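Shared between the two complexes below is chain A, which pairs with chain B and chain C, respectively.
Up next is the complex of A and B:
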């Protein structure tokens, strides 16, 4: 993939007999949102922690802009761990200043950034509260600010939407799109595939520590040799099994979803359905991300 | 200007240090309040302890002598043989275990490390915070002895008391460094507390019984408690050799902690 910023090459990590990462290879590009997907225990968190040197790889490399990641390089990264890692009894602003300054930036620059983000995320009035006095959603926002406070070139977020209500999800989504549009490489894991499908240009699907699918989401969907047809109709349903080249995925009252080869003649298909029913709506689409995911993980 | 992990750690424990110091001051006040009743019958108390079984007496006095006739002797037996080391060790081992393993247990270590602070620096700065805490407790102990002793008319030997709390502080820092080392090597809080506590108990017994059990005598010199009061600092002052041995042990433990912490995965 050209223009890669973050690059995993053959990353391997074992814990005893368990392979947390198995020759894991993928890239994340600047200015784009990359969704990092996989079942529980697939190796997503291990891969993310490897970026920050929290786990040491047994083999393979993780590089940033073609070079090994050193502590100095990490000053340009932001990280939001899955198990939130802020100090619960510390005050919000004090904590963000402390973490921001650890990256060797001036207090005034960090303070300006902290105050901007607190205002942007509606937390200015909570700046002097202890973290544990905040709601889960607000704590999540503070955690996000901790990752953003030093204007990172790479933002790695482990399950950032976990436990958020729909409004908070929408706000965080909007923010991530904005951050990526400013040129930041954003890699985040999530189990909310519909959300990832809406947000991400690129996806990486990992299973048992091995990347099973990676690349531009539209390209991946287009490359699949089958499509899905959704039909709304009234009248008697046709004998779906008699339609050549189509396989019934699901059917209920007045609706059917068919899997067809991408070479299927849609006019013939419509004609076959209209022998017994009247078509009210018809759509022809590549597979959704959920279908890609299930297919990739089941393979 | 990069902020200090040490200052942050010290800031975090400021309230607990005040409570610990106040508790120590109260404990010392209790001992000083009892002194007038002991002063007149010091020889009787000394004889009472001298008549105890040798092993019991050794454990009671941590292998030291028994002298209830002077404030120095009284404080040596009542305060510095047992209670003061326990207080300092509980604090130091708890703080050492919390420094790295505790941060891992609370899942706060990730953000500390990813914000570019090197692992070696985290260990060293956490150790500095531990030393600061022990220094505060030791100072509080010495000040309490001097001030409360003066108020109560007890003639506390200030220089020798200072030497004793220095040795006591070094004892605490040694075991705190051991807890930090185990935490840095394993990331396990329970082990970081339990192993130093067990070693403290074992080396206390070795030091105490080493005065009366022949084969323990050579081993006794390796006990941190021997470095602490083997030369009776309440009567002889600071022992440079013991200080050097304690500091060397601390430096080796911290160096080992840095080495181990750099070579393992964190939070797994």
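Up next is the complex of A and C:
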């Protein structure tokens, strides 16, 4: 099966009267970064755990390349849980070798992979140290390597950016892009929407366990029937309410943001503004991911 | 197939990491030293085994040294005679421990401390004989005639033990086997317990379970720690054996090879049985501090099993002893005990091992399910019942209400029944074993067990009862739990 690699179909999980997942349906494609978004408690972690059999679904399926996910299939996946954790007293390299071998890789293949990643993340000199001797940032790096040691076909990361400093965020972003470019399917959750917007080709937005928006980010933005116009001007502000088809979102001295229908005639709009003011800058944009998110989740 | 490889990887990690820990190595060394000392100590302390030094002073008949030597030989002891002309010097030799006993004027014995009864008997008899010789000489009986009259008779002494047909050596062997099985099963079971909690509290378990099914992880952990236990038991036993053969005078308990082999097999079975339970209970706790209380009922049960097996040494042929050596809970310790006493027919250990294996199979299913559901659940310690139902119902919502300490004393009905049962069992065991202390201990342990078990399972009283018990205990110190 080409196209969809990871496929949620009607996945449902109830905890008592609370539905953590409610007919959750989406796909993640190979070679692409898929951002998995949703408010706290929306069911992101439950969905990710379901991929690894850590949660048993009440209904629906999760499939990989069109087939159910068995423990053998799972060993080709990489996972970084939200609750980070490794053996605190085990040496870094041994620990990574162990986790790689658990994924049914040969020791030599795992060793090559571990050494490459340790080198890449600047941890070669710490390889024989106990994990708890490392700084918090370095422990995070080891945790990431733990998810990568088996050269996974699917990489699932729960909040990979939380608790990272700006430089670490940049490094992590670069690394994820690189891993996806190598053909890996990457699904990660995050609350940093700007970052997701920069990184991801695809997004899945989930709320109350149900997918409210999913697909190619550009396509989703283009499909929204309204656009945003940002105007910088000088002179007296026009009477915004008189402009047909435009709705004022925010306005301060010399700047205004309008929401317009995607069918609006831009020439008419500029003419209306220029009756009282001189336009200095004008931008016409589909909504940002944040706006999509808020709209989707509020609905 | 992959599952087996994964479990083996887990087992290897346990072996490698644990054998590397200093605390573990220290415990191994301490155990070896303790066993070697235990074996060697009787020889080191017991100077009576060697040659006795006897001092003579004052008027001493010439025949006395020969008489002492003859008497000592009759009881298998060697003697060495020291003559002193000066009483003070001789007494100083006693005080310094250079001689074991000083004979003054053939009518007074002096010891450094308590008299060595055997040596006293030897010397006293020798004195009587040499006095007889003197008197015989004066009445004209020849030395040859006298020697014939007074030739010492070899008397052997036999220890027949408490039970007809068994030697005290059998009892010693049974005692040692019972104690060792209890200690090792407890120690390594507790290791599984703490290992499971450690993985859970450090959260590494989620990373692991994304790669390996919960059952394989638990199986590998139990196997690894079990192999470590077997290795330590073997090393310790070898050290004891070497010590026993090097330090010659020790009588090895009359353990038959077959009994030893069965004891090792029953260690494996008993460990597997209890480690599975410990592993499942460990998964209920989120923090190391909670692990002990989660495993409380089983720890108490193990002590009970030990007492019962210990009691079986005294009456290995009774029906109750036979019963406990078959029941899977007690069999792993009680059956080797009875075998060491030579009380079990050849087919009995096979039956017991079969039953225990079946019980392990059932426990692996039950324990595996509890473990798999509970090990990813963080928060206050889960109750067994919740863990069992976790798959079907709530996870995050269940445990909140169970923070009040509910000891059995709060359920009057249950408490009365448990107390009555404990008293009845205590009485029965006391009568059967003829030992009040064992009876009381068994009864107390049973009561504690029921108490812990009811807490562990989370018996929920009616709301009113709960509220009433809470308000009635308002001024008493009660268990407080940190909430996360």
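Simple rule for what comes next: the second predicted complex is superposed on the first by the 297 of 299 C-alpha atoms of A that agree within 3 Å, B and C clash if a C-alpha of one lies under 4 Å from a C-alpha of the other, contacts with A are read in each partner's own complex, and residues count from 1 in each chain.
The criterion applied here is as follows: contacts are C-beta pairs under 8 Å (C-beta built on N, C-alpha and C of every residue); 3 or more make two chains touch, one makes a residue touch a chain.
The structure displayed is predicted, hence computed values, not measured ones.
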Chain B and chain C placed together on chain A: clash or fit? clash
Once chain A of both complexes is superposed, is A:85 in touch with chain B (first), chain C (second), both, or neither?
both
Touch check for A:186: first (chain B), second (chain C), both, or neither?
neither
Exercise for the section: Scan A:145 for contacts with chain B and chain C and give back first, second, both or neither. Expected result: neither
Is A:74 touching anything from chain B or chain C once the two structures are fitted on A? First, second, both or neither. both
Problem set entry | First, second, both or neither for A:56, with chain B first and chain C second | both
Next on the checklist: Output check: A:28 vs chain B and chain C. Expected answer is one of first, second, both, neither. What do you get?
Outcome noted: neither
Task: Applying the touch criterion given at the start, work out whether A:106 contacts chain B, chain C, both or neither, answering first, second, both or neither.
output: first
Of the listed chain C stretches (76-84, 220-228 or 472-480), the one clashing with chain B is 220-228
In chain A, both chain B and chain C touch residues 15, 49, 52-54, 56, 71-72, 74-75, 77, 79, 81, 83-87, 90, 98-99, 101-104, 146
Per the touch rule, the chain A residues reaching chain B in their complex are 15, 49, 52-56, 71-72, 74-75, 77, 79, 81, 83-87, 90, 97-104, 106-107, 146
Per the touch rule above, chain B residues touching chain A in the complex are 1-3, 5, 8, 12, 106-118, 264-268
Chain A contacts chain C in the complex at 15-16, 18, 49, 52-54, 56, 71-72, 74-75, 77, 79, 81, 83-90, 98-99, 101-104, 146
Touching chain A in the complex, chain C uses residues 2-3, 5-6, 9-10, 13, 17, 199, 202-213, 376, 378, 391, 393-397
